[in-house]
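The structure follows.
Chain IDs A, B and C follow the sequence of writing; residue 1 opens each chain.
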Amino acid sequence: MARRLVTLTTDFGAADPYVAAMKGVILTGSPPATIVDVSHDLPPHDVLAGAFMLESVIEHFPPGTLHVVVVDPGVGTDREILVARFGDQFVLFPDNGVATMVAKRLPLHALHAVRNERYLPTKPPSHTFHGRDIFAPVAAEILNGLDISRLGPQPARYKLLDVPTAERREHEVVGQVIHVDRFGNLISNITDENLPNQPAAADHLRVHCGECEIGRLVAAYGHAEPDALLALVNSMGYVEIAVNGASAAERLGAGVGTPVRVVES
Amino acid sequence: MARRLVTLTTDFGAADPYVAAMKGVILTGSPPATIVDVSHDLPPHDVLAGAFMLESVIEHFPPGTLHVVVVDPGVGTDREILVARFGDQFVLFPDNGVATMVAKRLPLHALHAVRNERYLPTKPPSHTFHGRDIFAPVAAEILNGLDISRLGPQPARYKLLDVPTAERREHEVVGQVIHVDRFGNLISNITDENLPNQPAAADHLRVHCGECEIGRLVAAYGHAEPDALLALVNSMGYVEIAVNGASAAERLGAGVGTPVRVVES
Amino acid sequence: MARRLVTLTTDFGAADPYVAAMKGVILTGSPPATIVDVSHDLPPHDVLAGAFMLESVIEHFPPGTLHVVVVDPGVGTDREILVARFGDQFVLFPDNGVATMVAKRLPLHALHAVRNERYLPTKPPSHTFHGRDIFAPVAAEILNGLDISRLGPQPARYKLLDVPTAERREHEVVGQVIHVDRFGNLISNITDENLPNQPAAADHLRVHCGECEIGRLVAAYGHAEPDALLALVNSMGYVEIAVNGASAAERLGAGVGTPVRVVES
């Protein structure tokens, strides 16, 4: 039997009982489930951060994995809950745009609203904790093999966020920082696909972050001098500004929204 | 074979090796065990917070789940270690009151002191880390099917905390904040059972938190205006004060102990 | 079939997608794997903290467990990746000294550089995230039963850190704080093996931390008065300074590097 693998991505934090309650419900409904935490430390209500997190991990999981994303400021309102198949992965999420970045990366093969009362809890769910009362029991049904088309009709549309994208100009690509990681690395929305694709051209590219010129792209953190600023294309394909052994965010006073430019010179 | 499911609730934090050492011992003693973290971020030595955490999750786990709770400021003294069956759940815990809130919610079917040396480690346990040296190996034995009555005699009594409870007065219910969650939601000890049970009466109820009148109970966070204060009965049945999209704790300067009142008007 | 158990120890934090990406790759390559988090909250780039963490847990896991340690400031440079068998445990780690403390505690039975391209990913790995692109797929191969000698040649030497050790003088042992845990307990590098081994001698030992005399060794936190300073030999065999119910680090203004002495009087 295939492993029944489910990941959880939420803004619930690690200090409250919300994540564990969801896990209990999933394991009650689907005892052989294997649960992997992606992150529960998303900034509260930050749907864009959830979208970025999901994009960063989804392609690394085995085909058929179910990804449950509960960053859900609209819980208890009339926003829909959706289930989708992107590529060979399943995603269960509130219709608030949290799948935006996955939708840019993987083909959407199926999309259904979760409405069929047969698969919803028999006692009415709370209005404040659908993670436990709807997402978790529906996840268990999917892990048990339920065809997602049984969960409800195909919606006419679903919400996508207006994500800032990098812009190509005459002699430069202009973007911005979209994520700061634990190391203080500044991850921009400029991807390797935005850059000239002749390797020879790389020598003529200079990366700028805010007011500061960082310099050429290097291959690895350790290729800069210790404690020096550097820029590279990171493991997800994004241009990233870092310091070898320290925090670029602190060094530059930069954060989400700081402009990043790659200039041909 | 039934899944051998065990949850862990501690104040050990995520940065130290204590939790992983416990997991290693459990998996050594009971290799097929499935371990679920409830939380390890309880405030150090905060037995009441542990009691609240356990209550919040216990009923959502499958029958026969073992819950190991190690918030244990008395480690190494003569406090007992107890194992209980509450409802269809097992709990292994130090006798310091950490099961108090579960005991109010679920019937106690069995209670034993952990004393039988046959099931204790052969080398003497440390005096400072019973989580690793007693709780974990005993948990493995229980997961392997040991009848808990074999672990020791029934104690004559066990410790219960003096938990603040809501008080019903003539035209109001008076309680206090007992937990602040990651979102800054203020969770009080007033439950739906403390409130008048005619739905019609709800329109006449006004919630107050500290000096501030919050207003009527609403159904969901999103039913208040963005950034507005609101009160609702949360997913655990407790009256909760929140802000739609922000932190009520910050807005009101409130925290554990702040008075909460529900007034009939 | 033996359980395929793997632990992860990193400085990736819990808020970024790095750990989950590694887990996805491991579960893709070795679907029956069971993954245990040791800690992901090591201070960024702190190899010594990683060495301490690994030492604290390794002996508590079942024989044959694989421990993957990714504290790797040299990622993308020419530092090797190594796999070792220490005692009955396997460790996969960058050659930066992170196995130093395990090497003092357990015999090294085998050591290989990870170089065999047959077991490396077919597409070139990133230069910034070997945790996902090399450590995780190689871990999956080992969990699937690959003999580690197939991964590459035995290196002539490997890096060990210059760890501060306690020094025995005429009437005292002199060491320092090497770790502060979540409770504010100050863990020193003085071990029970550094102390006189006649139990009768213990009464004549006095522990000092910085400028402060703590007093005799006690057996358990609860054997000191509430809120009093105390010293004990902790569950790992290290002399530790604590406060019963509060933080010794705060009380003493002490931290990593603060001198600790055990004096015979």
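In this text, a contact is a pair of C-beta atoms (placed from the backbone, for glycine too) under 8 Å apart; a residue touches a chain by one contact, two chains touch by 3 or more.
All of these numbers come straight from a predicted model, not from anything done at the bench.
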(message) So with touch defined the way it is at the top, what topology do the chains form here? Options are line, ring, star, complete, other.
(response) complete
(request) Determine how many degrees of rotation, between 0 and 180 and to the nearest 5, align the Cα atoms of chain B with the equivalent atoms in chain C. (result) 120
(message) I'd like to verify one number: the distance from the centre of chain A to the centre of chain C, where each centre is the average of its C-alpha atoms, in whole angstrom.
(response) 31
(request) Spell out, as numbers or ranges, the residues of chain C touching 2 or more other chains. (result) 14
(message) With touch defined as at the start, can you tell me which chain A residues reach chain B in the complex?
(response) 11-18, 20-21, 23-25, 27-28, 31-32, 35, 44-45, 73-77, 126-129, 132-133
(message) Taking the touch rule as given, give the residues of chain A at its contact with chain C in the complex, in rising order.
(response) 2-3, 5, 7, 14, 34, 36-42, 53, 56-57, 60-62, 65, 181-183, 219-223, 232, 234-235, 240, 244-245
